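To start, I am sharing the structure in question, which I have written as structure tokens.
Each chain gets a letter, A, B, C and D, in the order it is written, and its residues are counted from 1.
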């Protein structure tokens, strides 16, 4: 990093970020166009069809009433878990390498949360009544059932969404201010508004520092609680294969795991297509790689644990469950998951692998595919092997479901593309902090532009 | 007419130095404007107390109370016995409480930040665009010519690149 | 009475475990597996009484059949010693129902009859109750159903027709229970007499394998039969405390 | 009316507004007439909206003749339940009976008279008026040769049967046939041969302690399933009024493929198809040999049964000697024990012999005329002649030949469907083509009706007047009134009224003066009323009482005098069963059984019945072939493989279902599906095993030996897994269905077996 940053000046990062906001190539518009098109055709169109026809448009059936929609929900929630969480942890531990990447990581959190919320809408049988799950005074005096794990979800996710959006906004106030005077037209007004009139006085810096740290401290336990709660949607039931104490840590680890992989993917894209080569460097990939390795080991450990307890219990319910998972109808998916999430990441042991970009990209995507499979299997293999053998059924996702999965990805991409044009996707001031204090030199060229 | 002396520095240390001298020369508390947080301001210009922590704390307390009240209160308001559990069921309600604690903690922190940093700024205040990029500014308000000249002198000898006089609202 | 006292007393009341035990009735059904022949009369009776839709071949193939009460069959042994056991499976109206706790909008809860009520209007279709139900006796409306005219003329006006996206299940023919209670009130009786109300399935069972009644009335037939030494609960180990109690099949050649 | 959707509702509200003078332009736009909300503009006083009205009537879905009470709201039938007062079903009802509503409200009903206009069979009918239809029929009848007139009806009893008799008498033809596929001809023949009885006795399962059933699926479709189920339940666990003093009845089922009765039995014994009679004789031999029979004709029996040592019988039947002797001992010891036979056992070429042998068992344990045994029925109150009108396969063949030879001018078909329930080999369909005039009174466009020239659709049994004398009875005379429970839906008429209409057209009025079935029925019941046994009163109140209760009976039981036909003991023998097809070429015996839901196919157009999972396999909507898993394994067939079932007379396709309780050399198929008519729910679904049955007849009774066809199975290589509601069919040790040793388990047993002790909450009932 140092070697690269020797010649880097405050003004450079400044200009780079501002460029990333104002200068837009045809490539961007094309990508955005495609994303929006896919979003409309693969997400909204099938969804509207499903609203008209009923959940029957999906492949779910009587014992397996949950399916890919819920799997996607968990997946996106999981993906949201490294952004803010990681950023907070690193902020508190005050690690330098965080600074170039945390902004986009937090954005990832935000948008995957939004997509997750959308998946809930898709999942519901009567989404037009979703407001009933929100506690608001009404003439029926009916309130949501606060004993329900699903309602914990509602509370947790709302909080998490609020928290992380505030967190990302607070972090960018100085940057809004910084780009405020470099932009014109609507952007200028927007940033003036967003920067709340930030000047950069020592008082402001001081307050921001405090607030930011407090937020970080609050958000870490929140993020952990969110995915524990998501896991309780399952673990609080008495369904064999779901009713497991290990589930909360299992889900949290899985979440951070897939989230970190997600960050790697996003980092790669930003670096490549937004020309942030100088700021997002081998170092970041190296550190993320190490993190991934640790997480993958944790994940494998918990999986083995789950198998063992299932086998050790010896009860027919657990045992059939296990047999079905390993050798049943969905077995290929299971082994694919093991390969992608348990075996492949072992490559990260090698320094060379961690510091080479393309392989990291491939691996990170593989991991997330594996993690999606995991979420799918958790639902499909357990619900189709309930207590009464007479009710056993196999569940096969329908085309509508598959296309909605694709569409949800498009939704995420769209949101992210819009984000990089509005938010400084690399934190200007924090990157400046990591640089050497400038030496005396001629007037910066920005005055010439005045 | 209240006017300020403004000195632009190329590096934070000389800016800090200037601030110290101004303070020593009996000026009102100088203000530093910088593109990045400068460390060690407290040592120079004396420590700052932040009220934010109190906001966070009491926000959390409020959240906890309101969380449990919401869960328990609504349960009592319209009795729906479920699963043979009591109407007021502690463990799940604690989870609600937990989430609400954090939610209100966060909101209160933001509030605290806005208030203590006087955001959003309604009226224009002394603002130095250069300080948004790579300059470190020191402003100190000085009424009258000769006080301004004294300030300018101090700033210059501290190594200010430029010194100008600005008045509130100008930028 | 000061605020504090009221708070304390309220707290005591609402912290009581198993609030439902104070309800007027505890409707219970016993099913004698030694009598059940698996003929399926109960299934059709239920379909007729409760406006259960005809879902069609493809839906059943997908696993979306709608039968609030179904006959489960379990084979034992191989030829020539094969045995087939039938067991009617319907909503067990659990006192400690897992489905009730999980519904985020209280669309299912324990009502004054000690029944596990399902409020169709309130249901938003999270389907979590069906997941939590260990007996998989909750059925989801995967789409709107229709009756070829004039079949719809048969629909029971006392029972709603459920729309898409709503969960439904056996109600112990709550409409009949309501009616019986109204009659009792009209006759100035405090309680429904034993045998005055029967769900469609019980009422139709050709081998009289099912008995329905109020277990709070110790003299009722159901109370007697649920104290039979053959009584057991399916998946009793899960401790959901079902209100449907089965009487063991008698295997004369065992023991 | 239920499920008014919002739009419709608004329309209706609008319609109400019209009444309030909202302007008639709106009325133009409203398609739903206001009276749609309440079927009658002027409701009759017997009901008020919102209050259910109950009508007691008789079930018409199968020949058992259960009493029903129908719940109606706003003039629409809502639910059929058993009539608690009726001695046959005592308030209970089977699935098929409850599905009667879907006969009434079936979307595929014939809505009015029609006349064939084009080629027979291609469903080219044009609407006609009753006047037109009746006069057309009448003139054909008038023109026809006396013995060229055939009336082919479903089995009708009571006064409708009488009316048919009168009508035929006037027409001067005795070609009146009642045809039901499932009619137990061999059972009648056997009882005639053994007891000299021309009607069936009452089998008192309720009070028996040991039931030995030879192939009779008495819980599903044999004679009176609901009544038998009641008896079964009672005999199993008794109840408060326990007359079998707490002794749990034991049930033994002998059949090649486990039926529902087999599943319910304590013991299921597979015996080679057609050898059930040998087994019966073997058991009889044992009873006599052990000296358990001490009648004065014991010596006769000993000689008659000499040849049937259990050793030989074991060889013939494949049932071990030990089992045979055990059965003999148990059966003889249990007092009373009851042996019944029928179903597949009766439908072999030696069916009557078999059933006679079964009767011999009853005789030997001396349960004739005793509670828990065989109780003789008094003659039916009226319409008894119908019993002898029942057409067996020979009679039908006779009809077919006559048709071929052009001896039939007019055929009137009443709600029976031989085109479906006769084997293709019988040539019935072709024979129909040779009949110049066919008149059908069916309510549905079934296979036979499709061939008719004139359609005079009759009411369903829920819209028509009639009565029924259950056959077999329950030991004493019973009569039940069938009354209309709803206003007729369509422009149809009751069978009786149609006949009376023809009477009018043909000018038989002086012999048959009645103009409506209701009058005819009333007059008929006046006779019943006047049977001396009743104290004088006025008929109208009696009539009202009968209508209200829906049933009438009198306490006139027959004594248990045991007379067996002379020479029957000496002639006691069972001939070897014949099968069509070489065992080499056709390795399997086809066991075609009546499906629980469809009966003989009449239930196939009822969606509820289509969706009622088959109790044994949980299959819906379709036909399948049940195979022993081991056999299937040898043939490399898996569950769901589509096979071609080929007999000498034809072949059909159906998927294989592995069935753990069927003999290795037997394949079983349910009857009921495979219609090529009968409406949207039935058409082109599954296959009809009757099609490929060989026209083997039971030698004595002339009934179609439906179990006497051998078939071969050929894999088609395609898969067509049947649609079923059940998943895994094993318990995997999860203790879902639990069973206990014996009835007298130690007290507190349940607490041990059950994690939560089941306790009764403290009682809070006032003494009401």
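The rule is simple: contacts are C-beta pairs under 8 Å (C-beta built on N, C-alpha and C of every residue); 3 or more make two chains touch, one makes a residue touch a chain.
All values derive from a computational prediction rather than experimental measurement.
Asker: Between chain pairs B-C and C-D, which one is joined by a greater number of C-beta pairs in contact?
Answerer: C-D
Asker: When the mean CA coordinate of each chain is compared with the mean CA coordinate of the whole protein, which chain is closest?
Answerer: C
Asker: Report the inter-chain centroid distance for chain B and chain C in whole angstrom, where each centroid is the mean of the CA atoms.
Answerer: The mean C-alpha positions of chain B and chain C differ by 62 Å.
Asker: Between chain C and chain D, what is the separation of their C-alpha centroids in Å?
Answerer: Roughly 31 Å separates the two chain centres.
Asker: Round to the nearest whole Å and give the separation of the Cα centres of chain A and chain D.
Answerer: Averaging C-alpha atoms per chain gives centres 65 Å apart.
Asker: Compute the distance, rounded to whole Å, between the mean C-alpha positions of chain B and chain D.
Answerer: Their C-alpha centroids are separated by 89 Å.
Asker: Among the residues of chain D, which ones contact at least 2 other chains?
Answerer: 618, 726, 729-731, 734, 736
Asker: Residue numbers in chain C touching 2 or more other chains?
Answerer: 65, 70, 72-74, 98, 101, 103, 106, 109, 235, 241 - these are the residues of chain C that touch more than one other chain.
Asker: Quick check: what residues of chain B touch more than one other chain, meaning two or more?
Answerer: 75, 80, 82-83, 85
Asker: If two chains touch, include that pair; go through all of them.
Answerer: Chain-chain contacts present: A-B, A-C, A-D, B-C, C-D.
Asker: List the residues on chain B that touch chain A in their complex, please.
Answerer: Spelled out, the residues of chain B in touch with chain A are 10-13, 31-38, 41, 45, 48, 50, 52-53, 56, 70-71, 74-75, 77-78, 80, 82-83, 85, 89, 92-93, 95-96, 98-100, 102-103, 105-107, 109-110, 112-114, 116-117, 119-122, 124-129, 131-134.
Asker: For a test of understanding, state which residues of chain C touch chain A in their complex under the given definition.
Answerer: Going by the criterion above, the answer is residues 59, 62-65, 70, 72-74, 89, 98, 101-106, 109, 122-128, 130-132, 134-136, 139-144, 164-167, 235, 238, 240.
Asker: Quick check: in the complex, which residue numbers of chain D touch chain C?
Answerer: My answer: residues 1-3, 73-74, 76-82, 89, 91-95, 98-99, 101-102, 104-107, 219-220, 225-226, 229-230, 232-234, 236-237, 239, 248, 250, 258, 260-261, 263-264, 266-268, 270, 489, 596-597, 607-613, 615-616, 618, 620-621, 628-630, 660-664, 680, 723, 725-726, 729-731, 734, 736-743, 745-750, 753-756, 758, 760-766, 768.
Asker: Touching chain A in the complex: which residues of chain D?
Answerer: By the definition above, chain D touches chain A via 618, 726-734, 736.
Asker: For chain A, which residues are in contact with chain B within the complex?
Answerer: Residues 9-11, 14, 135, 141-149, 151-152, 155-156, 158-159, 162-163, 166, 170, 174, 177-178, 180-181, 196-211, 214-215, 218-219, 221-222, 225, 229, 428-429, 432-433, 437-440, 444, 446 of chain A touch chain B in their complex.
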